[in-house]
């Protein structure tokens, strides 16, 4: 039984990463995972937050959806004077994921802000943000190497992310919005390029799930992440 | 003496309007005026604000810049818990300009929200938002005609906008950021397709200006607006 | 055909400027334009905002209406946790207008804050705020000259402002609230004492307007501004 | 030993109450207690807050100082996005005090909002707000009687308020700012026209105080309040 | 006629003060006055607010109720983005009361924050907060003496607080919630251990009250405060 | 090699659940996991949020730390006007976890709010909140059964949660704060009483982790959760 868009159960949506989409940012890309489109920029500033030890660097992320990224228009955060709780959760995840492969001492004293703005959302915006955010960050590092702000790449690996889920009791990779809405279980993995976990977040949305299901979903994610990392490398040239 | 980008003094930057850029919005376009890129979406909802008489429609606009739309990253409004004063001013201008050609009784009872999100800003973002916002609105009206929400187009004319300014005592059309930074006088015009004014806003940024200068700038704008309206018509098919 | 309050079409409302209305502010006045009453104070502080070059001065303005300045009570901004969009727009206009005649180097390193609080509003509050705000600023400069904080007046001219509009197709000067509510076109001018424009903002509220109409309205404003500047000079002694 | 402004220890500052100062409010006055000037308006609306039993009326108060009401300019609440804690405390006091003499059943279903905006503050702004707020409320009740919104006055007495304090161990009535700054004890009384207490708030600012001192201060307040109520009656005609 | 819980009119509710309830705070206690339970912590930091003269110390208080401290759940302040007006008033009272016996020069340069969080509220939470807050502050001072941050106790006396009220025309000490809801008059006293007043706040909630009633309520409070101070001393060992 | 507090690597901290700690809430408990103390209350109201289908019920959670729950005092959310991002993330997790075993149709039309307020935090506050929040919720359900608001228990299983982590390359159960600060990997599991996963969240804080490590941590959690569910059952009687 094929999926709503005809993909196999272990198949990613078409992936496209357009680097240097923004004229001003030190690093940037537009990442398209099917109909999910996220604009990622990396900005280099010289003031890490206060809690960072003197001389070290930092990476932080902000995530937001444009009001009409979705099927229905949603009000802007500033109209409600509250950062959307979901956005707060997601941007913490993006930041943690990218920092996990960054050597903060080598990055010092620079502060990198990764902005992930969802232009159009069709499921998987948080994982697309991580995958695209990594590319934007690497492009900024390239520029910093060129202009002497860095003397070596302050990273220990590549990072990408994808989701998998159980729909009608069938495990599937990279759910689109319509699949996600019907998923019983939803699991996101962030991995490095040695297949190790950086983050795992799984939720039984319709029912609890077994350890076997969890393991199967992680395997699907691992496969997808290998392909996403190939796309990242291609975009980075 | 030629301009920084080689244009004549009465020449627009290259203009590009890509319609239907967003899969979900009832109307949308990406407008590019040189390096200024604005994503405009029109969303149709059925609840006009309370102050609107029963049965009439309404058009409102929201304007925002992505954090890295500019040379330096700026903090998001939600981080400061305050709507940027400049954004507040601009979105009021966009809304007024678009409403000026809308017949609110014919639009009733629909509420149209025009979101103008600046992806990249190189001067003239407010006028690009009006020009692009009109296209998004018209595309939404087309869709509403097709699905029977409207029985006739609720508009009385086309709207477009552009700026002109005095740089080194020379009047010029459609200032880019670098010209704008050095302008002594800056004037925005919003006009309909009969060459009448809808809005005029002029500011002596470096010095006061004479009525003759004001008149010259309006003439430059009128020329530019005719060309922008041709681009609008082409995008609308 | 006479106006609602019996004035000629090119006639200002009665103007009254009471200087030094506030015991504590370095400069202050109460300006009454008919039934529009605005309390303007100028406060001298020693910390211009960060974006101002070291050693230079700055002038900024804040505008607010008391809750019962109008026919109906409006909620305070702090109850809604949002600065009123209209107030944001107006205070930017007041600040730009006053800065246009100020020599920021001569003013350095002082920061002047002009507070314009509308006690009663009957149309034309933004232009009354500019006219009265200029008087308050000048009174503060007088005091700074006397106590040695300034060695010369840091201004290049006088600033005043007024509106004109088209009501029932008739151009009229200085609209009161009831006229303003019925205006087809509304235009504000800020001018210096040489009759040059500092700001011009015109809006077709009910219909677009021609260049000829715009020109006629500017002429009406120029006449009114000459009279307002006479009143300013009288108040400044 | 005379006071800083030559008054006797049991003497009020000159009191002036100008009724109907605002053209739009149902009731209003400007109250001047020496150099303390408060603009009080009473607005009649038809929606009491939700917690009020169906059919009953309500009185609420809001208190605010203009930015330059004081010796130094203070930032507006909206700039800090926080209602000043002191204002919050004071407006609760004003509301409670006025409600204490109002028959909410007779007032039903009207909601009265008393706005007390301090134009200039030289000590005693909260008590001046209560004294002036009562006058504004009564003027609104007069108007409601005239237009048939009320069939009888919904009050059981007159309310006025004043402070007294201990300065250099000497009890004094109606402290001005300079005395207040040096007071060891500060006590506010709100009383009705039968000399009964409605509110009493005393604070040992520099040292604790004895029951005898407290009693002496209440007596001073009682004397002052009788005089204030005479001024209220004169203003109400 | 006995009270709802069988107490005499001049009898406190059972009082219990458990010191050192919090493992991390420099001083802390849980105070139980009948069914009113308040967790008080004192935190020592080294940065007094800016308005404090160099070298001096400061004491500030914050007060909050847990959402389900009461019969009905109330929304958190952060959900409404506004500090509850009542909380603002109460925390100002707690801070003033504790500072009244603190020698700010001897405390310098330390800043003490007293957090009073009401776990369960059955009337009298503000007075319980003062009584418990004083104990928490003293325990912090003990610790600061032990570790050398202070060389002498920076206090001039003990502080405790209690309320009294008139219910059915009968004066009673230490009202519980149900009595408080029916009180005609409610009066809070803060006193030192010499029976002198630090704060007095009385409100005629249902009717004005006479000076004789006020005096009787103060006497009841004085009796209760002596007993509360005995409980404080026992808790402090 | 023993742990900092002498526990075995697969040993929980001492667990204590005191039911009915709050006099007013429909359900409540104080849960102590070692030095982590969380007060959990369940409040029953009759208005589920708007997005819930008519007739169904809902469970939502709020999480907050008292200012001095930690080694250093932190500012209250309301002082910063922002809900802490970490709190936003955690309360979403608590709500999802509890809803996963609730039958929303059987619960209809009631809305349950679970407030988890951390009185003292020593690691594991989010998992303690889930474990304690479930007990508070069940106690509320008991009460609703007794008073006829429910006719059957609207749950499909028990929910508890715990963390495990890798410290110095050794997997350990239920990290206290000091262990958590040094953990290389941190993983939280929420499970039902059949050993199935409801939520899993793992983070490589110091380094990526392998699938084997992840599996080992889940096993430790499963053991701990069985013991926690025994404690829940004991508390529920």
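A, B, C, D, E and F label the chains in the order they appear, each numbered from 1.
What we mean here is this: a contact is a pair of C-beta atoms (placed from the backbone, for glycine too) under 8 Å apart; a residue touches a chain by one contact, two chains touch by 3 or more.
No experiment lies behind these values; they were computed from the predicted model shown.
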Problem - Least step count from chain A to chain F, where 1 means the two chains touch - result: 1
Handout entry: Most distant chain from chain B by Cα centroid
Key = E
Practice task
Please identify which chain has its centre, taken as the mean of its CA atoms, farthest from the centre of chain F.
Solution key: C
Practice task
Calculate how many whole Å lie between the centre of chain A and the centre of chain E, each centre taken as the average of the chain's C-alpha atoms.
Solution key: 50
Practice task
Go ahead and note the Å separation of the Cα centroids belonging to chain B and chain C.
Solution key: 27
Completion exercise
Touching at least 2 other chains, the residues of chain E are 81-83
Fill in the blank from the handout: When the ring is traversed from chain E toward chain F, the order is E, F, A, B, C, D
Handout entry: chain F partner contacts - residues on chain A that touch it in the complex
Key = 81-83, 85-86, 88-89, 91-92, 96, 100, 157, 187, 191-192, 194, 196-205, 207-211, 214-215, 218
Handout entry: Contacting residues of chain B [partner chain A, same complex]
Key = 22-25, 28, 35, 39, 41, 43, 45, 62, 64, 66-71, 73, 76-78, 81-83, 113, 115, 117, 119-120, 122
